[in-house]
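One structure is given below, represented as structure tokens, and several questions about it will come after.
First chain written, first letter: the chains are A, B, C, D and E, and each begins at residue 1.
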Amino acid sequence: MTTIQEAAPREPAGVRREALYFAVRNGKLMAGFGIVLVLLLLGLFGPLLFAGVPNDYGTRPMSPPSGEHWFGTTTFGQDVFLQFVHGLRSTFVVGVIGGGIAAVIGMFVGFVAGYRGGIVDEVLNMLTNVILVIPTLAVLLIINAYLGIRSVAVQGLFIGLTQWPWAARAIRAQTFSLRTREFVDLARMSGSGTGKIIAKEIAPNMSSYLFMTFILLFGGSVLIASSLDFIGLGPTEGVSLGLMLQNANQWSALQLGMWWWFVPPGAAITAIVGALYVANVGLDEVFNPKLRET
Amino acid sequence: MRRYFGRKLLIYGLTFFVAVTVNWMIPRFMPGDPIASMVARANVTNAQAVEAMRAYYSNLFGLDQPLWQQYVNFWGALAHGDFGISIWLFPTPVTDVITQAVPYTLALIIPSVLLSWVVGNRFGAYAARRKLLDNTVLPVGYVLTAMPYMWLAVLLAWGFGVLLGWFPVAGGYSFSMRPNWSWTFVLDLLHHWALPFLSLFLVALGGWAIGMRNMIIYELESDYSSYLSALGAPSRLIRRYAFRNAVLPQITGLALQLGVLVAGALVTEIVFAYPGLGSLILKAIQNKDFFLLQGTFLFIVLGVLIANFIIDIVYVVVDPRTRAGMAGAQA
Amino acid sequence: MLRLDDVTKEFRIGAFGGKSVAAVRGVSFEVVPGEVVSLIGESGSGKSTIGRMILGLNPVTSGSITFDGLPVRAGKEYYRRVQGIFQDPFSSFNPVFKADRVFTMIKEAYYPSVPGPEWAAKVEESLRDVRLNPGQVLGKYPHQLSGGQLQRLLIARALLLDIKLLVADEITSMLDASTRIDVLNLLAELKVRGLSVLYITHDLSLGTYLAERTVVLRRGSVAEMGPTERVFGDPLHPYTRELLSAVPRLHETWDDAVPVETCLYHLKGGTGGLAEADPGHFVACAQLETC
Amino acid sequence: AGCTGGGSTPTPPASQPQSSQGAVTNPDQLPRNETLYTTGTQWGPPPNFNPIREWDSAVGTKGLVYETLFHYDTTAAKLSPWLAASGAWTDDTTYEVKLRPGIKWSDGQPFTAKDVAFSFELGKMETIPYHHLWNWLKSVEATDDQTVKFTFSTANYQQWDFMLYSRSIVPEHIWKGRSEKEVLDGTNENPVGTGSYKFLSKDQDRVVLQRRDDWWGKTTLGMEPKPRYIVDIATPSNEVAMGMLLQKGLDLSNNFLPGVANLVQGNFGLTTYYNEPPYMLSANTAWLVPNTTKKPMDDPAFRKALAASVDVKKIVEGVYGNLVKAASPTGLLPQWDKYVDQSVVSSSGFTFDAAKAKKLLAEAGYKDGDGDGYVENKDGSKISLSLIVPSGWTDWMESARSISASAKTVGIQITPDFPDFNALVERRAKGDFDLLINNERQLSNSPYTYYEYMFQLPIQKQQNTVNFARYENKKAWDLVEQLDQVKTDDTAGMQKIISELQQIHLDDMPIIPLWYNGLWAQSSTSVWKNWPSAEGGAPKTGAVMWRNWLELGGFETLTQLQPSGS
Amino acid sequence: MSLQVSELRVYYRTLKGDVRALDGMTFELRDGEILGLVGESGCGKSTLGKSLIRMDGRMRRVGGTVTLDGHELPIDDDRRMNDYRFREVSLIPQYAMSALNPTRKIRRMVTELLRSRGTALDTAELERRMDQVGLPREVLDRYPIELSGGMKQRMVMVISTLLDPSLLIADEVTSALDVSTQKAVARALLGFRDSGYVKSMIFVTHDLALTHHIADTIMVMYAGKLAEKAPADVIVKAPRHPYTRLLLESLPEVGVRYTERRLEGIAGSPPSLLDPPAGCRFRDRCPIAGEECAQEPPVAELAPDHHVACWKA
């Protein structure tokens, strides 16, 4: 996983037009978002375009990709492509929910700790450390095992609840350097309270940074979700790319030569997460002139 | 300095306390009764016998005591290094189960974490600002980091294990062997270790390489780099300096990523049927063996804490800024 | 109007607050209405810290700061009467928003009921006061404006409120020689209109240009203070002399400060705190070996 | 050599010639051609070697290291003497066992009748799994070194036979002083048994057993298990076992390997008992268990309609790829075919028939009043049942989905639900469920065990192992108890009672048989051949290392193996 | 004749077009001479400094030459320029505070830097120079973070001049310092020249008064062009260019009080260098501009060593 650099905050506004200019010319950004967009659209509209219930048994089990079944079928004759498009959807849902919740918590903790400093910072820091040190997957394993995960959304929720610490740290560091900026003092002298200052002065200055944090959290959530699905702690309802992987693995798809069952979901996860990471680096270059290739 | 470490220790202590408490709590407040399934497994038909066994085991595991008492006992036992008895692997003490498994997990995690970190950093530093490498080899890095651990692991197991037959797909050493200190055995160990290691290594490698690349670019654009080049210093020197500075955030990154890496190791172990904590945890969950679960979990927390502590020390040693007490935002 | 009584400020520093530095120690002085007081001292002597404490942005560690007899309480009411301008005009504006947002914020907080057009007129008037052409500066992003323009926007902003005291912290250090003088002239005009200014600087020439009284700070405490012409005309403290001699002057070459043989503080009978050399002219112990 | 079987292991060939002589072998490196690799029984580190802990002791503890008085021959359906030379009822309540002479414990001490009596008397301890034996056993007594006399207060012949081949005999001279805790919970390191193997080593993922060449059976029984070493591997999951099987690092997998049919058909050197569906022998019956204390499952008519609604064929084909066989309406395993009363089945049996199911529902008064496609209770309230199977049991999860789908076609609303195994156990015990799938009763010496499972009374607050349906039928239970007291060689007597029980079962349908789970056994012929098979002269025993199955033919299979190389 | 810059044009490539930061600069610098370079922010002072030692990626030489001690400097060839850097041309950057690698002790850094340039560190010489600027020797065994701003500034000075370069460019080395440190640093620079560590020096600042104290010659730049260049006293006492004059008039001096003498700034702001107006670039702000100012004024030598670019001068 890429770590976000704890670089000095940048001044995005003036550069906004320029940023757009570089954005459309940044190969990494465009390629990354392009791939994600294609998969997203497939996930969004695929289930509508291709009728059928993804888990329904078909008549031709274990058949390789063909005109009828684009990605072949599973041991049970389920259409892999149909599962794939539904799975994409859940993957995006997990990413958005997990990444979103983690981003919200991370932002809250990071902003408050960084802005208030002092004892508040210490306490929040401690909390962050605790969550950070406890192996996330282990906790998720336990939570999942005992509470059970029914839906993709609940899974996303739990992932979100455990994934925020590094984001909080990064945001805290950024806030730390922003809060000494004089416009923050000026806002205080204009009668703004803490919340307002964070929301109106500090956050907008980090918008690109926050967005990138979200991207990384999104990717992280997708990966964690796939791991959980894979070891059988995924949602019990619906389809997801991780569940497809798990099923393919459990029913020995590769050993039985059914690569078409195992490869697409993993490749799609890799593509989504990888493309996001690439886009993230692209974004970094767009917002930070120093990183641009000269 | 003393104060700094005192503070750190306090934080670690508290973290440990909270982690242990959470760890103790979770299983106890969850539905499902471990004794029930234990008795169920014993396949005893007779109602009386079942009751007798239940009572006996509840008493044995101390589950018939009030909660607070259980909690106190738990800490008391911990102090003696006693993690209780495994339910699933009854009557093996959890400590025994873990000590058997831990060498494997460590043998997997430590080299893959360290090597991927070292190699990834070197590699990323090397690729930074070198157009050709940057545009050809680094994308591979992105693909690697973005891979779900187990997907890569399964592909490796299938490709190199089943298809090509180069590597075994299960076990920590040949099932035909007994541990001994011969070269044959050591080679055999390595042979089994190779694929799980590789899958962990590759995924982590990509991440570090990318992180380092970005970091180095920042450093190459920094003032001290410009100064050096204005004085005509060769780019070798400049890169060396940049590397040293860029490595610092990567050290922090290591601390942040440790949890994820451990998780990756667990999944990989499961895929490769590699002995170690991974399969233990999975089975402990499946069998509701919460003493074992607590033990492994605690062990990981302890491991991560210690690793973090080491990283903290290393950080202070290599970054003079922390020593000068200026890096308030780090930590 | 503004009174500082034995104000001390300590900062905890180090990764975990292991050490503490006293940035300001036992500083007392007063600013009366319509007066410009300049606060002079080398870098790190605690000037900004005093300014920030007066503005309620940092709490004091001990001692008291009162404004019109009341202790400083950061809040809407206080800021209606006391405002500050900081050293760096570029970082005083949130780069994400247009520069005139500083006015909007004032309106939202203090004049929510004033109708739009009326407010716009008020802003324009205030801009003209600082000799800015409203058309030129409104609706622009900070980076599209020069440092001088930004600095004057900030002054205009402070003027929208009917303030009594302005804390101007090194407001000219970033500016060009020519812009700088414009800003100084503006402050001087405001003073004439009855505004008090605490003018913080390390450039003595700028300090003397405006101020009636000067406070020379050294390592957090007052070295010398008094009417400007006295402090510069007859510097009593060796530090003040050193500072004076270090200022590059156009038509003179550098000479070294005239060494002080005797500690004027003790000569003037100082026993504790500052000694009053002449009426209103105070000096601290020079800490010469003889003392 | 080596674990992979491929040519690329780093194992030097030096060890090979050494091993082929079979005399001295380096125990650090087992010769491939004398070692049997098995998996599918143990899923984690071997926890103990305690034969009293039949359910979780290391593989081979009972059967290879410790032995029982008898084995049970599933094909001939009779006990075969093992440690016992013979056993007979001397009167209605006295059973006398004659032991084989000359048997020694692995520590060299002679094996005597005292050891047998001691082993059974251990059951007097409350927490020992066979404690209830002492409810009807009055005393056990070693009358001389070779004779043991059992005196019963009630002679439960059926159960007694089960005891005879299930209880490990432990050496009195070692176990005598052990406390109850030690007997039940001791790990019993360094087990001393009479069996043909001893434990050589263990690790987190394996136990290694070494053959005892001085085993008594070699001469007395004329039997010898062929593998000099048995390595039982704890694989964490099925697909790993399949990978190892394909790599030829494994000889016998007792895992459920979905899709193995393809491999058997293809040229992978894998065999199963049958080379066509169902490929495996049957090991137990999977039942659909309705909670008969809840509405509408308390209505036999509803249960029968439900039974007719389940398309087991679809599960067998779709989920299992024909690796299992649909169960007969009685649910009795094929091995018990002779106890099935065909007349009862033909008159009262059921088959999958959606139309009939609908009809039954309609006749019993379950109608879809509100037009949502699902029938309601007679009082008009909605029927919405949940079917629980443990989360992670993928084949069952798929099956549950399938059941839900076919129930839907007849108008019964069933939602599959996958709680955690533990939670399921608890709900099952408390009766807090609508429907569940269960297969916990294995093949045994008598259908008695199945009927006990079906009808046992009284219903407790917690039903831990039997009668999860909480079905109360006094008459049925009386019949079961009667059956217990029929001598096991009285086939006709048994058939008569069983026929009545079958009638009750099919009329009332307390639990619904679904399919027969296989005696999963996939073997590789690369090193060992002559695996059990339906064909020709091949052995007909089961090729399993599962606990309690070595006595049911698993051990005999080992003696029939032949090295492929020779 | 140490440095000769003729008709130097250096542009920045930007999205919106070329920024003409240096637009035909011509001047000379003699051996032993200190040239003070003053001008408003953004007039191209740093650009000139950078052009002489290391152009960054966005800079482009459009025309002109730079000759140092008779050799033409390959200023736009980064590789060849390396031979001259440090040995012939050296730099004290504007960012001296952050110019030292934070994770190396200073001694080590200096050693490594010198070794990389093929020279061994002469510790005695280094310490002598440190003494000269008043740096204690233990500074060498500290990390940069442990030094104050002024110390860092002086350390960089010592390092930059270790190889006795012919030309030293000191870019705003004192602007971030307070007056007393500023004085010490400025004096140290003078000392370096006098000790012969550097032959000549370009001292970039926007503080006219400070320049006056150390420079022999002062060059005033306006919007990428030379406005006036003359010996320091001449500039201060008898400036000819209207811009210079206005600049001088806006300088407050110690003792000058608002109430006594009101100073005035220069109205208006410098033109954008993206698309600079034709003719005299100061025309818009110039109180005495006339018709002829629509033409670009040539640089004329009005008196010996007194160059002015103004029609009215």
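As a working rule, a contact is a pair of C-beta atoms (placed from the backbone, for glycine too) under 8 Å apart; a residue touches a chain by one contact, two chains touch by 3 or more.
What you see is a predicted model, and the numbers here were worked out from it, not measured in a lab.
Touching subunit B and subunit D together: A.
Just to note, of A-B and B-E, the chains joined by more C-beta pairs in contact are A-B. With centres defined by CA atoms alone, the chain at the far end from subunit C is D.
Per-chain Cα centroids separate subunit C from subunit E by 31 Å. Inter-chain centre distance (subunit D to subunit E, centres taken as mean C-alpha positions): 92 Å. Taking each chain's centre as the average of its CA atoms, subunit B and subunit C sit 55 Å apart. Centre to centre, using the average C-alpha position, subunit A and subunit E are separated by 50 Å.
Shared interface positions of subunit A, defined as residues touching 2 or more other chains, are 145-146, 249, 255. Residue numbers of subunit B whose C-beta contacts span two or more other chains: 31-32, 158, 162, 270, 282, 286, 326, 328, 331. Subunit A makes touch with subunit B in their complex at residues 1-3, 5-7, 125-126, 129-130, 132-139, 141-143, 145-147, 165-166, 169, 172-173, 176-177, 219-220, 223-224, 226-227, 230-231, 233, 242, 245, 249, 254-255, 262, 266, 269-278, 281, 284, 290-291, 293. Touching subunit B in their complex are the following residues of subunit D: 1-4, 6-12, 27-32, 35, 37, 43-45, 47-48, 53-56, 126-129, 131-132, 135, 184-187, 200-201, 203-206, 208, 231, 233, 235-237, 240, 243-244, 246-247, 249, 392, 420-423, 425-426, 429, 440, 452, 456, 460, 462, 464-466.
Against subunit E, the residues of subunit C that register as touching in their complex are 42-43, 146-148, 176-182, 184-185, 188, 202-206, 208-210, 228-229, 232, 242-251, 253-254. Across the interface of their complex, subunit A is touched by residues 11, 14-15, 18-19, 22, 26-27, 30-32, 131, 139, 142-143, 145-151, 154-155, 158, 162, 207, 210-211, 214-215, 217-218, 221, 249-250, 253, 256-257, 259-260, 262-264, 266-267, 270, 281-282, 285-286, 293, 296-297, 300-301, 304-305, 308, 328-329, 331 of subunit B. Contact residues of subunit A toward subunit C in the complex are 11-14, 181-183, 185-192, 201, 204-205, 207.
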